[in-house]
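Mind having a look at this structure? Questions to follow.
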Amino acid sequence: MKPVSVEHMSIRFGAVTILPDVSFDVAAGECFGLVGESGSGKSTILRCASMLLSIWTGDVTIGGRSVREMPLNERCRTLQMVFQDPYGSLHPRHSIRTVLSEPLKIQGLDDRERRMREALGDVGLPASFLDRYPHQLSGGQRQRVAIARALILEPEVLLLDEPTSALDVSVQAEILNLLVRLREERGFTYIMVSHDLAVIDHMCDRFAVMQSGEIVEVLPREAIKGNEATHPYARELIGASLEYESVV
Amino acid sequence: ETPDNQLVVAFNMNNVLTMDPAAITGGETVQILNNVYDSLVSLDPESKELQPRLAESWEVSDDNRSVTFNLREDAQFASGNPVRAEDVKYSLSRILELNLAQASGLMSRGFSADAIDEQFVVEDEHTFTLNLPQPDDPKLILMYLSQAGVGSIVDKELVQENAQDGDMGRDWLTNNSAGSGAFSLDQWRGNEFVILARNDNFWGEAPEMQRVLMRHLPESQSQRLGLEQGDIDVGFSLAAPDLKGLEDDENIEIRTVPSAGFYYLAVSMKDERFADPKVREALRYLIDYDGINSAIMPYFGVKRQRPINSSAFAALPDPGYELNVEKAKALLEEAGYGDGFETSIRVISTQQFLDSATAIQGTLAQAGIDAEIITGDGGQIYGAMRDRSFDLLVGRGGGGQQPHPDSNLRAIVYNPDNSDDAGLTNYQGWRTSFQDEELNQMIEDALVERDQDTQVQMYEDIQKMIDDKVISIQPFSERVVTAAYQDDVSGIVIDPWVSRFEDVTKDR
Amino acid sequence: MTLNRQHMRGALGQGASILVTLFGLLILTFVIGRIMPTDPVRAIVGEDATQEVYMNVYQELGLDKPMWQQFFLYLRDLATGDFGTSIRTGKPVIQDILHALPATIELATFAIIIGACLGVPLGVMAAVKKDRWQDHVIRVFSLMGHSMPIFWTGMIGLLVFYASLGWVGGSGRMSQFYIGMVPDRTGFLLIDSAVAGQWDVFRSALRHIILPAALLGYSSSAYITRMTRSFMLDQINQEYVTTARVKGLSQRQTIWRHAFANIRVQLVTIVALAYGALLEGAVLIETVFAWPGFGQYLTSSLRIGDMNAVMTCVLIVGLIFITLNIISDILYRVFDPRTR
Amino acid sequence: MTEERPMLDVKNLSVRYRGTDTPAVRDVSFTLGRERLGIVGESGSGKSTVGRALLKLLPTAELTADRMRFEEVDLLTAPERKMLELRGQRMSMILQDPKFSLNPIQRCGLQIAEAYRTHVRCSKGEARAKAIEMLSAVQIRDPERVFDLYPHEVSGGMGQRIMIAMMLLADPGLVIADEPTSALDVTVRLKVLRILDGLVREKGIGLIMISHDLSLVRSFCDRVLIMYAGRVVETLAARDLDNARHPYTQGLLAAQPRIGGSRDELPVLERKDSWLEPAEERP
Amino acid sequence: MTMLDDTSGQTSAPRQTPQALIAARNIAVFLAKAPPSAFGLIVLAVLILSALFAPLLATHDPYVQDLQNTLQAPSAAHFFGTDELGRDIYSRLLYGSRITLTIIGLVSIVVGPIGLFVGTVAGYFGGKVDIVLMRLTDIFLSFPSLILSLAFVAALGPSLNNAIVAISLTAWPPIARLARAETLTFRQADYIAAARLQGASATRIIWRSIVPMCMPSVLIRLTLNMATVILTAAGLGFLGLGAQPPLPEWGAMIATGRRYMIDSWWLVTFPGLAILSVSLAFNLLGDGLRDALDPKQMNRR
């Protein structure tokens, strides 16, 4: 269990500043949500934090250590990410075995067969799935494999980029349950992006509302129900969600 | 149908690079410039006898060391300037001073740019004396001078007018003409066409053709179709099958005449195998002379096994070599190559060459000689020969533009210096690393022999000796040239070295 | 403002990259020119020249200098617009090419018109009728054009239409004896002869151009058809085409007003590239038809190792292609609102 | 249902895409009056296919049905010419994603005007006026300006409204809206839905609303068809949705997390093969 | 032996082979269903068989001349007639298929990897690497392939091998372009990001993740390219710059045969038809392959 802290993260692409200056802290074992309109920079924060993008300034520390200074191997084993689109996050030509054994090979871990079986077991898939290819799996199953891939290196922080938004409600429920269970069992720290406040409410302890690259407000989960936000945009967003749910 | 007063000629201009007589190479350019420039003397197309041209007459001194020419008084250039002895001197010195392609011939006869005033003497306006720098056969020199190129007399005044930076009009003459021939150069576009226009100042009988269009049509088929469709009057570079095809066309006339040079198999004597005369003799019996000449060579060559063109004086008839694999094998056995060996044949990728090489490859194989064929264009194949790095080579050449045995012998046999540094690339003897002092001497002696009969006897001896010594080059065919033309066209001269269009007429 | 500056930067970047490409092109052409095994000197002096004569010309051509110096001189000459003198014709290379190019351009233009007029409608039709027999027929027909060696079709065409049937003219741009009779104004024979009012020559030129142009056109129509088809297929499956159909537009309207309108720019590019590629076909077809154009000039220069001519030809081909690319880039920018 | 003849009457519609073995839609039957019908179901259950089949927009699919009528027209046998008259003018369809559904190189306004000019003989000016009027009807603030914009220059919400304007311009009697809001942010989603709802009410037309969002359908529709694997497993009045009997429908409803709901484990669906049987045949 | 020691190959082989086999069979079945690509398959099969069994199928030695029997029209003794040296054209065509196969085989072997390498590296790294590599590609791309090959062959000297080298030099840029474009689309994919998060090196990502994704379109492109390669080789042969006599290369056969074309049509007709049908076959096959393994559909399946 490690706390995560994002300090003055800032990034620009060409002439456009995507994130002017973002800071927030996540406590060890907490599930922290990121919401906001499309294009507000939620995914970008996760990509910066995981060093998929490296041209940003500022710092991210995990358990007091800066991700920039961590050697590659250590970083991989501290932090993993689950992506939004289950159809795009698995290599279409790699069998699940390849998908899962690859990180083990790279990190030089032995006892691969056992670890792979365990990881699949953790996400509730039978070991026989090892020899399937992504196109033989449903969206939910793919997302489980993606989670298994993140878990297999036994990280401490999981970055979740809209892990369920491409899925049906029925499948979404399975994944959310899985994520909740894993956090309870292993004590991960989550940073989770979603556009669905109901999901945030279900999963997170605190969340940040983002608008055009800036965090306008950080709120506890409880603030959703009564729309206790102060920032106008945050109010509008929560209001709309509440209204949608009630109208609906 | 072509117009009545124009002659449309198809030929291959790939080697036509300039119109400057001092720089030209090859028969095609000679064919063009023969019409534009006059020479002092000319060769009769049929008999190959020397005839007056710009020189009404000439006298050879008793010691064979000088020739005096009396020029026609009425001759004038296309520009209207009269033709004077001064122009003759200028033309010859120009070649030596510019030191371009045509200089080779003069220099090999001892002429040099340093001694112009001694060699070329203007006696008066219409009398010119040529002093030979070394003992020589004036006949041969005259033959040289009969040809466009060395022999072309240019209009000194006009050329000097167009000269820049003392280049003796080199730039200008590349694309323009300053001659006294029956035609003058109207337009030339590289690899496309040459247009000759009638020269109204021509001293001789006015030609019937107002315009001669010489079109670059390298494809034999195109020439044939053009002839069949009446688009073309004369085709000069047709391939055998098309000539054969045209034989059946009653409107088309086909004529074959002897020309200069041979098709031959050359060996490099740098290679120890071929340095062995036994091996060379074996090769002599591994060529299917009759087969090649009947199947491949029609229209291109006729059987000839001696390195002197049959039209030259003193030429002996063929010794009668034949394909004889057994004999060749025995010779190889004697030389220690009973199991044959591996080698290569270089050949340019033109059909009759290639076919001959392939045929020779086949007969060599019968004696166990495994020859790989290496093809390329002229630069590559003859380039290797000039670098003296080849095994076998099927090629064409060997002088003969002058119907004099010396022309052939010097090109094929003669080699005064066999060192690599000598760079005597103009001698095939040097290229094949063949050197025989005895033969060299005999060639030199024969040339300067003043008595006609003795000279003939000496050349015959040389031919016999060549037969015994088995030189590095074995001709299998003598070059002939063939042209096809509409049968209402007459007065065409086929051999490019002596061809002129001034007598061409069309009777429709 | 920012947009403008960005555009400026884009233009500058593109300019720089074109320069780099050009420089690479120069190096490439120079290398090609220098490593040619054909000996230009030998071509000039002939087989029987002596060593002395040979060296004389060798030095005149500057071949005795070190390679880098030659390259430097080459660049310097280029900078002053001097492409050198052809060994073969003794004229400035650029002048030769300017003579040869119009012949090729005339042929290529004629061909591309035929190709585009044939290729575009066929391509659209094949896309619309995908997987039906029309599609199969069109595809096979056009692939045939892409699969036949152009020199072979040229020969067969000459044999059938000129030799046997006599419908068209044979080798060359016009009947041989018309050569040199039309004053050279633009170099485009059809235009020159029309301007000079020499209708005989015009007719003859037309009879001669039609066969090679048709064959070249057919082979480039193959490429155009195929690209049109695949562009159209991409578009036909787009949602906006469905939108148009939902609006009640007929198939024809949907295809031409919506789908086809969207591929126009791409098509222009394709046609431009096909036009450039005709140069390639020209090398072969000009050999077969004795067409005195650029391709012939290039091949005959190659044959005798006329370095300056070869280098300039290669350079010009490269330049033509770069220009075509730039033009199509610009077209994209101009016509596609998304890139503005 | 009302005694008047339903506007749309479909019996046992099946659609099979060429090159696939199993039909994407199997034996779907329903009728539609002047009401709002929702079609829900998970992804790939065949919702869009039904919508497109009604307009005969599926050139690569085989379509069979016992009956498929739209008012007096038999859609099954109607020739393409007849369909051209119907499409756009009497029935139209709002496609899912405005990003892809608008022609990228044509100005939005022209595309709207084109829809009008296809069916009504009029001058360009009139069509333009009509289009601008429609744009303001869908609450676009500066319709004159938007008319001249290219699709990539408008936001998702605006694009969706342009689509709506285009499809409602010729006053169709039946509108099929295929997930009209799923590509939009929550904040714009409601606005667009309201506009659509308003227009439909005003003009009194039949609406088929395709969506995967049960709650949305519940609040915007009168009746709901639940689709599963190409079949209709249940048909309900929207207000009875909570009393759905089919376990699939029930499961879908329960699996949705709710704001302020419990944080207990969410119930998940256990799929059963028997669901593939039509709902009526189950006890 | 060494091969058997490779345990990873061993464990994965039994599992993956069926998959690959099934895929290959599916593709073959798919191709065989459409008439045009079926035709392509048949022609190719004929080509490969005739190359393999040329010695058995040939009625004559392709190199042996018979100067007594030149330019014979097609007959029972010589199915396609004889050429100007009396060689049997049918047998020469059969042996020529070996040359054709060699050319396209070698060119593809050279061009595929080079193109893939340049394209994926440029696409994956982007930035300066991309600019440099793409400029290089542009330079080569700014020539029509025949003209560039011509120049190269002229520079290297005419021979079959040099023709192959020259064609390869001109054939890789389009592949590189394609591979780069594909890489650019895959580079953004989440599975690449995931691989990076697992600490995979750039080499590993390119080799294990990107290359397999580019493979289908590169293969399609290569197949389509083969038609062009055949034509370019034939064109070089035609201009006398390709395979050198007496090799029975089809283009060279046409080039020599053309001198006899008016009277002996069979000299150019049969090699021409051979080139036509083989390059047509590759074109049809490439088109068919595109339909069979359209990369655009792959992600969705």
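Order as written gives the chain letters A, B, C, D and E; numbering starts at 1 within each chain.
Operating definition for what follows: contacts are C-beta pairs under 8 Å (C-beta built on N, C-alpha and C of every residue); 3 or more make two chains touch, one makes a residue touch a chain.
Chain labels with UniProt names: A = Glutathione import ATP-binding protein GsiA; C, E = Peptide/nickel transport system permease protein; D = Peptide/nickel transport system ATP-binding protein.
Here the structure is a predicted model, which means the values were calculated and not measured.
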| item | value |
| --- | --- |
| Remotest chain, chain A as reference, centres from CA atoms | B |
| Pair sharing more residue contacts (C-beta pairs) when B-E is set against B-C | B-C |
| From chain D, the most remote chain by mean C-alpha position | B |
| Whole-Å gap between the CA centroids of chain D and chain E | 49 |
| Interchain centroid distance [CA atoms averaged], chain C/chain E, Å | 24 |
| Inter-centroid spacing, chain D versus chain B (mean Cα positions, whole Å) | 90 |
| Where chain C and chain D are represented by their mean Cα positions, the distance between them in whole Å | 52 |
| Sites on chain A at which at least two other chains make contact | none |
| Multi-partner residues of chain D (each touching 2 or more other chains) | none |
| Residue list for chain E, restricted to those that touch at least two other chains | 157, 258, 261-262 |
| Parts of chain D lying in touch with chain C, wherever the complex brings them together | 52, 55, 57, 80, 84-89, 92-93, 95-97, 100-106, 111, 114-115, 118-119, 150, 152, 163, 166-167, 170 |
| Complex contact set, residues of chain A against chain D | 37-38, 139, 168-170, 172-174, 176-177, 180-181, 195-199, 201-202, 224-225, 236-237, 240-245, 247-248 |
| Touch list for chain C against partner chain B, complex | 37-39, 42-54, 56-57, 86-91, 96, 99, 155, 158, 162-163, 166, 170-172, 175-177, 179-180, 287-288, 290, 292, 296-297, 300, 303-305 |
| Touching residues (chain side chain A, partner chain E) in the complex | 47, 50, 52, 72-73, 75-76, 79-81, 83-85, 87-95, 97, 102-103, 106-107, 131, 133, 135, 146, 149-150, 153 |
| Residues on chain C engaged by chain E in the complex (per definition of touch) | 17, 20-21, 24-25, 28, 31-32, 35-38, 136, 139-140, 143-144, 146-152, 155-156, 159, 163, 276-277, 279-280, 283-284, 287, 298-299, 302, 305, 310, 314, 317-318, 321-322, 325 |
